[in-house]
Amino acid sequence: MSYLSPTTKSSFSGHWGLEDIVAALSQTPADQRPHQNLSDHFYPLPAREILTSIVHNLRAALFPRHFGDPELSDETTHYFVGNTLDKTLNLLKEQIQRELWLQQQYQDGSEHSEASINQLATDLTQQFAKTLPGIKFILDSDVNAAYLGDPAAQSTSEVLFCYPGIAAITFHRLAHALYRLDLPLLARIVAEVSHSETGIDIHPGATIGRSFFIDHGTGVVIGETCVIGDRVRIYQAVTLGAKSFPRDETGALIKGQARHPVIEDDVVIYSGATILGRITIGKGSTIGGNVWLTKDVPPGSFISQARIRSDNFENGGGI
Amino acid sequence: MSYLSPTTKSSFSGHWGLEDIVAALSQTPADQRPHQNLSDHFYPLPAREILTSIVHNLRAALFPRHFGDPELSDETTHYFVGNTLDKTLNLLKEQIQRELWLQQQYQDGSEHSEASINQLATDLTQQFAKTLPGIKFILDSDVNAAYLGDPAAQSTSEVLFCYPGIAAITFHRLAHALYRLDLPLLARIVAEVSHSETGIDIHPGATIGRSFFIDHGTGVVIGETCVIGDRVRIYQAVTLGAKSFPRDETGALIKGQARHPVIEDDVVIYSGATILGRITIGKGSTIGGNVWLTKDVPPGSFISQARIRSDNFENGGGI
Amino acid sequence: MSYLSPTTKSSFSGHWGLEDIVAALSQTPADQRPHQNLSDHFYPLPAREILTSIVHNLRAALFPRHFGDPELSDETTHYFVGNTLDKTLNLLKEQIQRELWLQQQYQDGSEHSEASINQLATDLTQQFAKTLPGIKFILDSDVNAAYLGDPAAQSTSEVLFCYPGIAAITFHRLAHALYRLDLPLLARIVAEVSHSETGIDIHPGATIGRSFFIDHGTGVVIGETCVIGDRVRIYQAVTLGAKSFPRDETGALIKGQARHPVIEDDVVIYSGATILGRITIGKGSTIGGNVWLTKDVPPGSFISQARIRSDNFENGGGI
Amino acid sequence: MSYLSPTTKSSFSGHWGLEDIVAALSQTPADQRPHQNLSDHFYPLPAREILTSIVHNLRAALFPRHFGDPELSDETTHYFVGNTLDKTLNLLKEQIQRELWLQQQYQDGSEHSEASINQLATDLTQQFAKTLPGIKFILDSDVNAAYLGDPAAQSTSEVLFCYPGIAAITFHRLAHALYRLDLPLLARIVAEVSHSETGIDIHPGATIGRSFFIDHGTGVVIGETCVIGDRVRIYQAVTLGAKSFPRDETGALIKGQARHPVIEDDVVIYSGATILGRITIGKGSTIGGNVWLTKDVPPGSFISQARIRSDNFENGGGI
Amino acid sequence: MSYLSPTTKSSFSGHWGLEDIVAALSQTPADQRPHQNLSDHFYPLPAREILTSIVHNLRAALFPRHFGDPELSDETTHYFVGNTLDKTLNLLKEQIQRELWLQQQYQDGSEHSEASINQLATDLTQQFAKTLPGIKFILDSDVNAAYLGDPAAQSTSEVLFCYPGIAAITFHRLAHALYRLDLPLLARIVAEVSHSETGIDIHPGATIGRSFFIDHGTGVVIGETCVIGDRVRIYQAVTLGAKSFPRDETGALIKGQARHPVIEDDVVIYSGATILGRITIGKGSTIGGNVWLTKDVPPGSFISQARIRSDNFENGGGI
Amino acid sequence: MSYLSPTTKSSFSGHWGLEDIVAALSQTPADQRPHQNLSDHFYPLPAREILTSIVHNLRAALFPRHFGDPELSDETTHYFVGNTLDKTLNLLKEQIQRELWLQQQYQDGSEHSEASINQLATDLTQQFAKTLPGIKFILDSDVNAAYLGDPAAQSTSEVLFCYPGIAAITFHRLAHALYRLDLPLLARIVAEVSHSETGIDIHPGATIGRSFFIDHGTGVVIGETCVIGDRVRIYQAVTLGAKSFPRDETGALIKGQARHPVIEDDVVIYSGATILGRITIGKGSTIGGNVWLTKDVPPGSFISQARIRSDNFENGGGI
């Protein structure tokens, strides 16, 4: 084989000098470890990627022809739903088990038997599964709210396929069910999967009534202790946030207090409005775009932004 | 095999009690079905996942080396483009057929032959294909607008790879072509694929001129009946929306009316501006950040936000 | 085989008339080509999809149990990290090579040997690899900042899995390392991968200190020449932007000037605040929600929005 | 950017000179086209890859816990089976349609309506589906035959997982059902999928009774017109072939004649035996290894190879 | 939308009539269930697909640059090996657990705790892992035997990539290790994965010495109780089988008896030879092609087929 | 969180004790390394998986509607072919480069520049591409030979989809082209990909004329120096092998000598025939099943196996 005449040497592959880099990256800092020293035990963490599959599969089981298989017929839908739920609940049980392990490590340092955690995970998965028909029922009301409330919507199929607000409320209702089963980490992961896909950030703790509709949605933030009634409509970039974080006399944050707004039934909140603190927006009120609200509003109110800026136009004026 | 000494029983797998849950989830509520009772017929729905592939493939055919295959050469680009279009148009035809079936079910209850729908889907796909060179031509103007308009852009490759505004306008121009072929559901699905990836929400009905540029883009909303001229530039969180929804004397929403702004040529709109209603922003105007506008603006205007807040600084002051 | 009785003809597949369409789409406009006429040479472009894998893999190497493999143990983590880095650095070197080719084409038209570009790409990859331990170290401070700063966070695992701000700062620190190695295109692509996933838009040029925390995050924009100190906290929809683009006497944009804010240590900026221009926000200041700022602020300031609008409530009033 | 000092030119990518090569490869020789000139019609061919999926899915529906999902329980098996069948029958119908198109082109040149072919494909798919319970029933007898007949088999699970003969007879029974529906091309493709995976080559036309067992199996060939009774056992490298191909007076091959052996009930055929022509091996016979048989054998026979060779041993002898 | 004029009805999708078919396929016949009635327990079966991955991964760990990642360097090989082993042993442990469950069900009906099976599976996985260095060592001798024994082999890389005999012995040595850990089902599945890929059928029970070489290999069968010495060479279609299955006085098969040949060191067996029963082929013997052997052969023998057939040539003669 | 009552400890994950195992497996034995000590250089090996893709892609380019995309039309086939070739030749060039590196290491120890190897790989890829039209032409003759020669074949589509002999000769003609370009390792890998899929083992060095047809095929072996004329037909389990390996006076194997049969035009060889050594089977001869041949055969011969065994039948006789 005389193809090649030798010329100059040339090294092919870099020597990355990995040893030190690997050593540095393979350390977990002490303050990212659980508080207890569980030196000879090890439990796997939940996996966001698996939870992403789980909630997409659950959505497929809730709306089989839209998010499962568009070729399903009445004859075959229940096979799809049953098979999808079976696989998905098995996956979910494993993730629940992982959160339970993690809770145990962080919270009391005691170690429970795998069998008892296994059993508990099974129980919680069963409880979760039982909430699905109710979630389906209330999501149908959300779909109808969007269909009836938006002049542009031409079919409920369009609503299901195209409204990020419907995606967000679907994922939220699943996340909220996990949250109520004392699985806050799984619930938060689901909420962030939704946030990443829709731009809508709803904390899984928020309580939201039926026929809820978010239009456009990018930038919406809804906090953990929000309570939202029925038939509420919200536009993009609305914030339902906390005004401040109460601290105790030592300066430590006090956790778990109600600190986000209560939105009563039939309220509409236009884009960019910011509503902060444990205030109540009374039934049937309308909050205008970009309004900044930190006080209670009685039922039937109609709140708009100050007019000042629209008087300020000057043709040809500059900044 | 004597490995195992019998101890206690322990059930392995949960009994999910699926029967009732599956029955509940497999029902489609009556108001989510088409209006007609088409008991012995069944047509598959469009699939968002397939449309996502379709528009990514079309973008690859429009910019083959950037979104198709970076190793294409002048010799081989047309093979890639032709092969990609062939596969993609076949997929698109199938989706068009599905929207036509759905339209038929919702609209008049009559049932057309599959052959006629098949033929119509083929015709519409051909018409769509013929718009692609024009879309390519105008997208090239958008790319140049971004390249010339942003001091940070160092090459048109950077513009194509890195500007969510370019992704959004690419997908919009494809969605708009579908919209003009009376395929509003496919068009909306494409628009939402774009919204989810870019944070930019452009209704497929919006008419947008050439050399259009959105910078940053998160939170931009552009409504269905917007008309935007040439060389318009828009920053993040700008809303071009409707002020209100007109209703007829019965209180029903009146659909299809022009209700979003007209933006003339050479307008610049800075971040966070909200422009609502069928107003006209005159040629060459500049709209400052966070401005709230609901009235016409003559050509050449320079609109800025009220100065008030910048006078309000108080060192050490609180909320 | 007598199954079929001949009936009517029906054509199966559309004739897409691809030839002209393909010809039109396969052209690259002259102004999207590099300036030099390099007729008989061809270099592949970088690929955003590969860079997406690269940064996800690097994140997996930085936080192996959270983003790599949740079943890793102390015994096996370093194998995972080493193997992941090896594969990823090989991929990165190839992408660096492609950016170097592109730079050469755009910048001076001279053509360097493949061997020298190959060597340079190897060197830059090695330099990049060496920054990873430092990035890991500072990211650990970011994770702690989030964990300590948010009353809702229950574990550092929750912070890593659920905070888009942590995803954004992770990708930013990687993008910034590329930016400092004079690889601006790769850096920008990484930044846009992050923007698309998190809704947070940080230019890779921005300099950001340790213990940085963005909460919620959707709509945040941080410009190229920003300088941000340690322990800074930022909420959703905050803009740290340029006020205007300085032009020289010929009207051409002047590039590369410092034009974005300097945020000193321990500053908090609440949601929706807009801070524009090369101004300085003094150490320890708090900027309230929706504030619009274009002037320096001394250390320890507490800036809030004008109160006007909250005085404007009128029950039952209208827009 | 001064990284690179210009040195020598070096072309990156080959010019493959594809145009002529592509032109040559894109031609279909006339004798590989259907006989009729169907210039303005086009029908897609069946796809072996899809048929491979179809038969694997059907096997999963026939043995759900072994080839479908090992985690299925009694509660969930029917969901899996129903969902798998639904998807698979849809795929199969499409492939049947393609074979029908091809038959039409090759056989009479007439062109039938798509609707009639569509309907016929649906009918044939339904007929095929109805054969599945019977196939399951007889395959259970095959599994038992293997379990009882091989001293090494320790469970029916082992038989299902590990015996290529069970894979081959499973695929054969499916292929034979297609063959009997006058779909010889699909049937042959399925048979070759099986041949490739198992090394066992059974023509789909062969008629095979229950409790059939092939051990080891590599190199077995069973011809189209074979008729095999119940409880027959066959070892590796057995050929049940044709002795010669009868020709008519013009020298043309006469097709479709019975030309392969009839193997009656309870016959055992050891490895390497070659049985050629339309002969009958009587009930209960045993055919020894490497025997070459071209004549009928009465029931109860015990045929062995000539002993000659075993007399021929010479220690230290050579070839 | 007036595209469609109503014509004739045409049903879209078949009604497959799945209910009865699904019911029939979802039954497991009683004789395929374990003997015990374990009505309220359920354990998943092993999965052949997972075992296929496992043995391919193990081969990659044994020969990292050939079957793992061709770009590994001396610096990075151990990361790849460690990471691959970690993932693979986790997978293997799960499969071992499943075989243990199945053994328990079939064998004694007693039910052991999950924890004890879990622990046992861990122990067996550790024992298996410890055999890997020895397997690597002996496989290196097999590779050398092929390289030195075949005049066509030009490098050990060619041997590793191209010799099905090397693939078969690699998989066999892994299967044999499982077999010796009393995991016969996993062992058999691995053996059949190998059989399907190589056409070489080696029972996992066979004991095979070092420097073993099979050339070409298709059709080779090696039985469960074979004992093969060092430096043995075998060609395609060789059978090392049982002559008959001994039965006890009741006619039942007697299991587990030594019934396959003993092949001593340095034996060569040419293609198509059939060696049956518990006979011994003495050290250094050569067995010619197509020989049929059922008696012991002393060391140093040279056995060839009878010459008869080569005397039978007749020009122009016929069958 | 009071779900869990602490019970007993239970370790989760095994400690695999990987360190020593990894160390043992990460060593490459000295005799598997190239002969030269090239300590500071490293080149990646070819990858069988990539070559598998390459030859499947090439087959798709040779028969686009059968192995590429069944929905291709006359309008679109050339796009598919061109695009497939482009991608595939790029992949092939990389693999060629790797074989060249390996050759250099094994053969002379000199080290050539990467640029020269790169150039050579490009040249060889171009030469290979130019052989494709000729390969297509001769493969068309093979397809016709199968179609005309088998009474069962009903269309050339059936031949292409279902005949392992066609798959084998397709892959062989590609492997032979690589072999003739002095790329023996790539050629052998391709041959073994074919062997594994079809059970037919053809050494890439074999020279095979047009209209070649192998029926059934399992177990066929064709040696390196075989020369086969036109219109030859071969059945399953035929061996065209070497009789012995000539050695020089030192006992070393003499490589490269012609040692396999010459099969002249129009020969038919029935199943199981073994033909060994550099003998010639004269034009038009027929070799019967299971014949063992080691001497020349004149043209027109009709060779059959001895009749002895068929006289040996004894009803009821035993072994």
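Which chain is which? They are A, B, C, D, E and F, in the order written, and residues in each are numbered from 1.
Please note the rule applied: a residue touches a chain if its C-beta (ideal position, glycine included) is under 8 Å from a C-beta of that chain, and two chains touch if they have at least 3 such contacts.
Here the structure is a predicted model, which means the values were calculated and not measured.
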Those chains which touch subunit E and also touch subunit B: A, C, D, F
Listed chain pair A-E, D-E or C-F that repeats interface B-C [over half of contact pairs the same by residue number]: D-E
Remotest chain, subunit F as reference, centres from CA atoms: A
Between subunit B and subunit F, centroid-to-centroid distance (C-alpha), Å: 50
Per-residue overlap in subunit B, given as positions that touch at least 2 other chains: 10, 13, 15-16, 18, 22, 42, 44, 71, 73, 75-76, 78-79, 81-82, 86, 90, 113-115, 199, 218-219, 237, 305, 308, 319
Of subunit B, residues touching subunit C in the complex: 61-62, 64-66, 70-71, 73-74, 77-78, 81-82, 85-86, 89-90, 93, 115, 122, 125-126, 129-130, 132-133, 136-137, 140, 143-144, 151-152, 154-158, 161-164, 197-199, 216, 218-219, 236-237, 271-272, 289-290, 305, 308-310, 312-319
Footprint of subunit E on subunit C - complex, ascending: 69, 71-73, 75-76, 78-87, 90
Of subunit A, residues touching subunit C in the complex: 10, 13-18, 20-26, 28-29, 31-32, 34, 42, 44-48, 98, 102, 106, 184-185, 188-189, 191-192, 195-196, 199, 201, 203, 218-219, 221, 224, 237, 239, 241, 245, 253-255, 274, 276, 288, 291-295, 297-298, 300-306, 308
Sites on subunit C touched by subunit F in the complex: 13, 15-16, 18, 22, 71, 73, 75-76, 79, 113-115, 118
